[in-house]
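Pasting a structure below so you can have a look.
Chain naming follows the written order as A, B, C and D, and within any one chain the residues start at number 1.
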Amino acid sequence: MGKIIPIDVLGECGHPSPFKANYPKFFTDDNGVVRLVHTLDYAPGASADDIEYFQRAGARERLFFRPEETTVGIVTCGGLCPGLNGVIRAATFCAVEGYGVKKVLGFRYGYQGLAEDETYPPLELIPDEIDEIHEKGGTVLKSSRGPQDSGRMAETLRRRGVNVLIVIGGDGTLRGARDLQAELKARGLPIAVVCVPKTIDNDIGVIERSFGFETAVQQASEVITRAHAEAKSIRHGVGLVKLMGRESGWIAASASVANSNVNFCLIPEVPFGLEGPGCFFEHLRRRLESKDHAVVVVAEGAGQDLMAAAGGEDRSGNRRLADIGPFLKDRAEAWFRRAGVEVNIKYFDPSYAIRSTPANAADSEYCLRLGYNAVHAGMAGKTGLVLGLHNDRLVHLPIALTAERKLVDPQGWLWQMVLQATRQPVCMLGKAGPSPAAPQNH
Amino acid sequence: MGKIIPIDVLGECGHPSPFKANYPKFFTDDNGVVRLVHTLDYAPGASADDIEYFQRAGARERLFFRPEETTVGIVTCGGLCPGLNGVIRAATFCAVEGYGVKKVLGFRYGYQGLAEDETYPPLELIPDEIDEIHEKGGTVLKSSRGPQDSGRMAETLRRRGVNVLIVIGGDGTLRGARDLQAELKARGLPIAVVCVPKTIDNDIGVIERSFGFETAVQQASEVITRAHAEAKSIRHGVGLVKLMGRESGWIAASASVANSNVNFCLIPEVPFGLEGPGCFFEHLRRRLESKDHAVVVVAEGAGQDLMAAAGGEDRSGNRRLADIGPFLKDRAEAWFRRAGVEVNIKYFDPSYAIRSTPANAADSEYCLRLGYNAVHAGMAGKTGLVLGLHNDRLVHLPIALTAERKLVDPQGWLWQMVLQATRQPVCMLGKAGPSPAAPQNH
Amino acid sequence: MGKIIPIDVLGECGHPSPFKANYPKFFTDDNGVVRLVHTLDYAPGASADDIEYFQRAGARERLFFRPEETTVGIVTCGGLCPGLNGVIRAATFCAVEGYGVKKVLGFRYGYQGLAEDETYPPLELIPDEIDEIHEKGGTVLKSSRGPQDSGRMAETLRRRGVNVLIVIGGDGTLRGARDLQAELKARGLPIAVVCVPKTIDNDIGVIERSFGFETAVQQASEVITRAHAEAKSIRHGVGLVKLMGRESGWIAASASVANSNVNFCLIPEVPFGLEGPGCFFEHLRRRLESKDHAVVVVAEGAGQDLMAAAGGEDRSGNRRLADIGPFLKDRAEAWFRRAGVEVNIKYFDPSYAIRSTPANAADSEYCLRLGYNAVHAGMAGKTGLVLGLHNDRLVHLPIALTAERKLVDPQGWLWQMVLQATRQPVCMLGKAGPSPAAPQNH
Amino acid sequence: MGKIIPIDVLGECGHPSPFKANYPKFFTDDNGVVRLVHTLDYAPGASADDIEYFQRAGARERLFFRPEETTVGIVTCGGLCPGLNGVIRAATFCAVEGYGVKKVLGFRYGYQGLAEDETYPPLELIPDEIDEIHEKGGTVLKSSRGPQDSGRMAETLRRRGVNVLIVIGGDGTLRGARDLQAELKARGLPIAVVCVPKTIDNDIGVIERSFGFETAVQQASEVITRAHAEAKSIRHGVGLVKLMGRESGWIAASASVANSNVNFCLIPEVPFGLEGPGCFFEHLRRRLESKDHAVVVVAEGAGQDLMAAAGGEDRSGNRRLADIGPFLKDRAEAWFRRAGVEVNIKYFDPSYAIRSTPANAADSEYCLRLGYNAVHAGMAGKTGLVLGLHNDRLVHLPIALTAERKLVDPQGWLWQMVLQATRQPVCMLGKAGPSPAAPQNH
């Protein structure tokens, strides 16, 4: 019979949904239709009782909030990601056109706008005025980094009469949403906090694919094509491309597989050495001597152990990384100089140019779905939840479940594809190095 | 503890895989790692014994064929689809670079090249020579439509010494592969037939997403943007876009959601009337009178009941469809003329331009994966199987299981999104029309 | 020392330009800075007195209209062309931000909006509201085809207080502008009519390059790449692409040279036969038999002599053409059937998809320049003129001078490049056919 | 009747052109068809005798070299530029398919391959093998920087039997070509040296537009769009884009006009101050305080006077520039910090990603034309010349004439358009600064 992972609710749903008239059979039931989690694999001896399920996202037949009295707020936090405007637009359309809510407020500059409401008053979002924002990159609500005081944010929501707050942001933002939910509860304010997870790195636990990721991989692949052209046009040419991925190598690995012109892919999950025998530079040299050029893709979080710690954290509380791109370039140039071997490295750092593009079709579709379902969840009084695609369906996850980061499994199919597409060595740690990371459950 | 859906094998796997040395932990076990099917949903009272699983795709530790004596054949059949060259390239690389097989033969012109081998001798595929083919649309092996005699094809495979045949094609092609497998079995020829399903329409049963589909949706979305520009630039302008989708509206529906500028989406799964009260033209007129323009997307298989049957079948045995695009345009122009209302219809038929593009990044990655895993399956002596993505993992499916077509469910999330994005009426059948299709299990 | 081709003026320029304060040296003098025309080539025995010059476009130091009392009108006529919105935007910005005019009115639906002003009142164009329109295809003012009564248009201009009318359109539109200018003169209305010539076909006489043309060639080239992929993927595959070009083959010829995958380019300027010996189908057959595929580009106006006249004219007074695309496809299929030779033709008709794209960078720059200089000319009271690029500089041309069509010269460098890039025969008229067209002065 | 600027020839043209049979009327005469230069403007009192003309490029009826005994060499030098492969391909096709020469040799690694011929032997270029290279960025011949010994290069040409050498490169390369021509003359070697000028910066004197420039502007414009999205998505956001342009601001200025989202464009031709009153930062601050974001485009050679000299020269003899991009970013951040005003600068450095793209359609067409005409000139024994577009026609220029750099004229129409599109101040030098540069003859 299994177990459905529960989602917090503000109270009983006493109001009929106005969607009912138009879409009679579209409602999703909290209990009737759910999804299992973690337990896809055949487990001899397992009982059906052990299976865990997620609650499925979707419009509910009965609502906690009375639409015509409801105000929805939206806020975007952290760095850019393709599709932000698509989520904003979809949530606004669903709330106004679908439910007929009273008002949709767009808080500006991320949590800062929620905390400093007098300085940065919110915009009212009107469907007709934002009808084409999804065709542009960036976020019309603007963003900022870093946490803000939960009390001040709660106070703004109360004063502005917000009933449902849709928060679009990454893991720091989700932590902030959890604190805010707690604060609201402590104050007895029945305000729903619904999160749309945003990570261009695609590394939020449990969630199959985050919006903007496929667009980023497409853009990254196009940059790799250019790096390939540079590398092939000079003797011992190296096209070195740094891609996003602070803790995980999803973009780097996927783009390397998609492009198929990459010779070395370096990611945080797979340690490597630079200068010793059996290490990266030796393999790079061999490649240059046999093929005259190489394309190297490195995730920004790769090889952090090789550099002196940069120290500190940024305003979002993210560990500040040392910059692996210029570091690799300098070290390689020095190593090849000592070895008396010519090398010509062209360095590409396309991160801003990638993250500021509009969403491609697949992500646009996904963003529309996320925006609509965030409003559906909020209108039903669900709170403290994250929307996510899991086994190809959209589900409700408790915020806490998404805290774990999703990593590229060095034993999994993606890294296997990378090794086959690049033909790079399984291990570039040299003789004394440790063996590759242990398999992860992926 | 449930049941694994079996896959035919040619015999016992007596040879160690040469992948072993390099990738010690990458092998997938036939029994140990599998996936469940059909039974994701929470079913009170269900027993774990009822759960069905698919065999997972991947490299096997022991092989049926001795690599250095193995010849792999590849053939592409039917219409174009983004990614064909990617699958050809990946399978060739896996066979030659991964396993060190003796030879890879590319049969030309689809099954015709297999049947008329003397007229159209195959090409030998060499990794270095095909290294960049995935960057181009089309298929370097060329294609053809229609079935060929199984006996002649079996004879070609025998004479050319082919051990593993990789067939890339749609449902007609898969039926042909099943016949060929039977013929080979009847002749006692131990030749593996492994299918990579190709359908730009995305409508092969059980399979989550077929390669080339996302690229097609992206391209379709861009055409819709242009139709939107045309429609908005003239009085009562209508941008009418016919998209692929003979039996199912996946491309039309996904592109309509992704683009968000579509006002009416017409697909085979949802019947509609044209001229009566409550039918399409009346709604179109209302839209023109209030907004001055409209964008209409129609899947090629939509509204077939409205036209006199075109009759007959094409060479692949596909039912010949009447052409809904010009039909709709003519009928609409006549109806509006009679109604005394101006209408200016710009008709777009981008099908060839869509299907001949190179794969985007997501499809490129998928094609690489399909090509590699087709060789893995064949080398392990598996036969009569289709590779497919199911619940986000790659599995082996018996050919028979894929015969059922996958349709857009008028009750499912995608059509719900279409209705919300377009704001078109749920039903455009008029008063006398039947109610919308019953819900489907999707 | 030569002669400057005169441009009509409404009267003396009595007002200082408000541009003066900011851009002290930017003004262009009517007499001091001009350009020569027709006489670039070395002509032994020629006198400097024979040289003709055009008046150079640019801001004038003294204006006919007092800016703060001036109303500028803009209208777009005829079919779409990349860059229309760019010209509208640039003219509005120049008028409002540069000169500080009272108002800019956008007349809708082409000349129809000017004639039926009560039914279709104009929009006021505000810089902030139209700041991003150049990023979209189409025209925000909408368009229509066909002439309207000059008297009604003159009356609208008078009633709306328009002082400068900027007309963006093709040759029919320019004829209408000339009539309107005459009408305004007859009524004694001092209203300037300034034309920005629009022809995606690039065939307005004297003018080097019209806006939108390069974008169209880029788009056409991309379609040819797809036709090439289709053609190469089937036996005796032919990718047949119909491109714009009613009277001239500029797009077809330029795209054929730019793409370099075209084997036959058919344009109106170069006659060809289809079925006889030495005619097109025979050459096509030879190509298929040696290379197995071919790409054919045909301008819409090519081979009109081969078809029965379609008869009549469209609303713009353009001769109605028979559709060469399907005609060629049908005839070729019949001819090859009779010859017992397989042929598989994939037909592409991308015209709407090409003309509705946004302008590329080169055209965007050009449109900005055209829009600004149209206002400059109008503010100085110049009327009955067309702006055009001539010998790489922007000049004022009397409308009458642009009536002659610019054709591709079969003896000129462009067609020479086409012959070399395609390697098609110089003549495909068969034995009995006439010789190629006589050289034209180009 | 004026004067034709002479081009060196190796001797009398004693051989008929094999083009004759196919293209009877296509030949261009040295004397009959020429173009004038510098003297387009109306000059009262001027005599026709004062007009100077350029020799027109094109196939000649009689050749200096007998095609079947001729070897053509090609070499590419310096940094990448879109279209290099197009020129290589076109020259090879013209020589082999058009003239039927004996052989085409591609020297690798620029002049280094010519000087070190034993180490880097040339490739033979075969039309069928290079048929699709123009679809890729980079150069298949690879490149290198810096001069090489003329004597060694002459010796290689002699030993390899090269008769016509086509040199594709920038101003350093052209200087080298002049030295090589002198060396060949001194040695009595009748070898033609024909140059195709390559400068993505578009700043070679006399030449209207260099290949690759329009592609670069298009790419730059797309990056600016992304910088705009970044800037608009954060408080006081600045998108800072460094573009190519060592001595001249053509790319920066053209892209700023084409994109229309740029607020400040900084180029080498227009000096500016940073920190004082009336200087750049003050204007930037005003912009941020009124609009909350800004887009800044800076050419790499702008503001060099503001930085301590980086000193030295690179291998091509180009003055080494200090890096204005990071300099501007650092100084701006410090200045705003001192001013107590928030600023968030996103820095884009897309140079490698721009120059490594394939040519767009307009440049592809131009490259085809350049490659063909370079061979035409060489076969006719012309030497020491540069091909260039001048007043929209292709002409032969003596190398010496191209030494002067072409600059953006602060009084010309392009900079005028930049000022109007950006609305930036004419002068950002502060009170004590010098006045803007004097007008240049452009």
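Keep this in mind: a contact is a pair of C-beta atoms (placed from the backbone, for glycine too) under 8 Å apart; a residue touches a chain by one contact, two chains touch by 3 or more.
Owing to the predicted nature of the structure, the values given are computational and were not obtained by experimental measurement.
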| item | value |
| --- | --- |
| Co-neighbours of subunit C and subunit B - touch as defined | none |
| Pair of chains joined by more contacts [C-beta pairs], C-D or A-D | C-D |
| Geometric centre distance via CA averages, subunit D-subunit B, whole Å | 46 |
| Distance between the centres, which are taken as Cα means, of subunit D and subunit C, whole angstrom | 29 |
| Where subunit A and subunit D are represented by their mean Cα positions, the distance between them in whole Å | 42 |
| Where subunit C touches two or more other chains at once, by residue number | none |
| Chain contact topology (line, ring, star, complete or other) | ring |
| In the complex with subunit A, residue positions of subunit B that touch it | 1-2, 4, 22-23, 25-26, 32-36, 40-42, 44-48, 51, 53, 58-59, 89, 93-94, 97-98, 134, 208, 214, 217-218, 220-221, 254-255, 257-260, 360-362, 364-365, 368-369, 372, 391-394, 411, 413, 416-417, 419-421, 423, 426, 439 |
| Sites on subunit B touched by subunit C in the complex | 80, 84, 109, 136-140, 142-144, 223, 225-227, 229-230, 232-235, 237, 292, 346-350, 352-353, 356-357 |
